[in-house]
């Protein structure tokens, strides 16, 4: 199993646990968290890239991996991923580099797994 | 060994190493870090929940696990834990979700281990 | 007009603008943001203190002021405010000190304005 | 003078001071900071929105205002701005709300100033 | 009055208020906060630069101004300040730029006020 | 293999992947990221300590480990490391403690591996 596949499996298990334990407020948040990435004035593909860069500057590997998977499904190209990461890197600084390294590995696995 | 037990074992080992290497300033900080959670105008139980939410919005898994253990000892209920996490989730955003997922798993282990 | 009164006036004006411009998702978030502080397994008063400490460690003066007003309405005492801030200070570090200084000034104004 | 005009004036003055005091490394960073927002695999307009959301979740008013000006020049619509902010709000949490309020005011000023 | 003088005056007033309201834990923190910048294995001058860069990457203008004043007293040169800021800028990213701009203005005022 | 050796091996592999995938902007950033730690008005040894404290308050284990290795090569003493960490701890708060614990373990491994 690749790293990104392992991430997806573990995420699915823990997401199920969260849904089970969640009260109404938590459920509403989770719904809203899906809602804001849907097609609208901004197309879904671009929204995933917004989510990716936000996750990168806040340095959350799980969130980065999630949005990489979504970007991959939305047919974002590697050149677009790298340019989005450039912005995250310049805005967020060298502290984002370890996350970019791991993200590029995940991206490679997604591309190979096509 | 459950995840939370593994966390407690590793934390104990590293905490011992830190005490060994710490100078006077570091020791004073560690003392103060115990002091502020003691019973006072705010009861210790509520203080642990303050520590939990602070740790959640700052997204530190080790700190979250530590305060979950303390909350469990102080007989915080699951409904209280979930409502405290709701506040952390709303204040801190979806970037806290991976931490909430892992925290709910730790909490489940603490409840089962009673 | 005291500093905290000025804050409340400006906040009200900008909050109105936000409601006016907000789409459905933004409105849902704002509703949820009220919801999570309501009485539940954790009483509303304690939830405001959770919101206060979360705001302090994330270093948001506007959020701190908002929760100070709510804490004041909920009859939180100054001793409780100071102990909550102690936790924020220890968890979040000296970087929170300028926010604590301003918060204590706001709190004094709220107490005098009773 | 509107708030956003005042921001632009002060920013220009301080940016000049920074250029004057900057050494080679600082200059290189500033060049790179322009470079990453240029048209490429991702169009400049979308890159400004990436910069906007990154600035929002990191909660930097000056950076938000700067990217709002750039978005306005690139003919981003208000509906797009609001949806981009929805993502920032959900990812970054209620702690971003004071910044969104101020950003919507700046945006209104930019729209009126057309 | 220059910007940095205004900062120092307001800081002194609010610091007095904090000391007045502080309980034992808060006082201990404030003592420790002085202690760690004293001469030791690392000279006080270098410690102020550590405090400056930490404040810059955490983006706290008040903390930056405080350490700039201390650095100025310790005869840190402008070239050293700029190189320290280069590190903060690269580590923390473009989000630190507005703080660097304001810091360079404060530094200029300190140099002129000699 | 010790923890710090494992870190160095994995870092080298991922850094190679990053260089391979990087576009011109990313490469420029990486160059600049080396440049700012070179000897200048501030000696390289002190710059590594600035990088260490910046990494600690931003709570990035990989960045901390990297600068610990560099500090070790530059013959920083353990007393200096501990005092630098004291500053990071006081500025950044108890949320940095898990990182300090792990850093002290890494440092011990570097010292033993001499």
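Think of it as A, B, C, D, E and F in the order they're written, each chain with its own count starting at 1.
Everything that follows uses one rule, which is that a residue touches a chain if its C-beta (ideal position, glycine included) is under 8 Å from a C-beta of that chain, and two chains touch if they have at least 3 such contacts.
In this text, all values refer to a predicted model and were calculated from it rather than measured experimentally.
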{"item": "Neighbouring chains shared between subunit A and subunit D, ordered by label", "value": "B, C, E, F"}
{"item": "Longest centre-to-centre distance from subunit B, chain (CA-based)", "value": "D"}
{"item": "Interface residue overlap between copies subunit E and subunit F, same or different (over half shared)", "value": "same"}
{"item": "For subunit A placed onto subunit F, the superposition rotation in degrees, Cα atoms, nearest 5", "value": "120"}
{"item": "Recurring contact interface, reference A-D, options E-F, B-D or B-E [over half identical by residue number]", "value": "E-F"}
{"item": "Distance from subunit C to subunit B - Cα centre to Cα centre, in angstrom", "value": "23"}
{"item": "Centroid spacing, where centroids are CA-atom means, of subunit A and subunit C in whole angstrom", "value": "31"}
{"item": "Chain centre separation (subunit C, subunit E; CA means) in Å", "value": "26"}
{"item": "Where subunit C and subunit F are represented by their mean Cα positions, the distance between them in whole Å", "value": "36"}
{"item": "Sites on subunit B at which at least two other chains make contact", "value": "25, 29, 32-33, 36, 54-55, 57-58, 63, 79, 82-83, 86, 89-92, 94-95"}
{"item": "Chain contact graph, described as a line, ring, star, complete graph or other shape", "value": "complete"}
{"item": "Touch list for subunit A against partner subunit F, complex", "value": "59, 78-79, 82-83, 85-86, 89-90, 94-95, 97-98, 100-102, 104-105, 108"}
{"item": "Subunit A residues touching subunit C - in the complex, by the definition given at the top", "value": "25, 28-29, 32, 35-36"}
{"item": "Subunit E-touching residues of subunit D, taken from the complex the two chains share", "value": "11, 14-15, 17-18, 21-23, 25-26, 29-30, 33, 54-55, 58, 60, 62-63"}
{"item": "Touching residues (chain side subunit E, partner subunit F) in the complex", "value": "32-33, 36-37, 40-42, 46-47, 49-51, 53-58, 63, 77, 79-80, 82-84, 86-88, 90-92"}
{"item": "Interface residues, subunit E side, partner subunit A - complex", "value": "57, 89-96"}
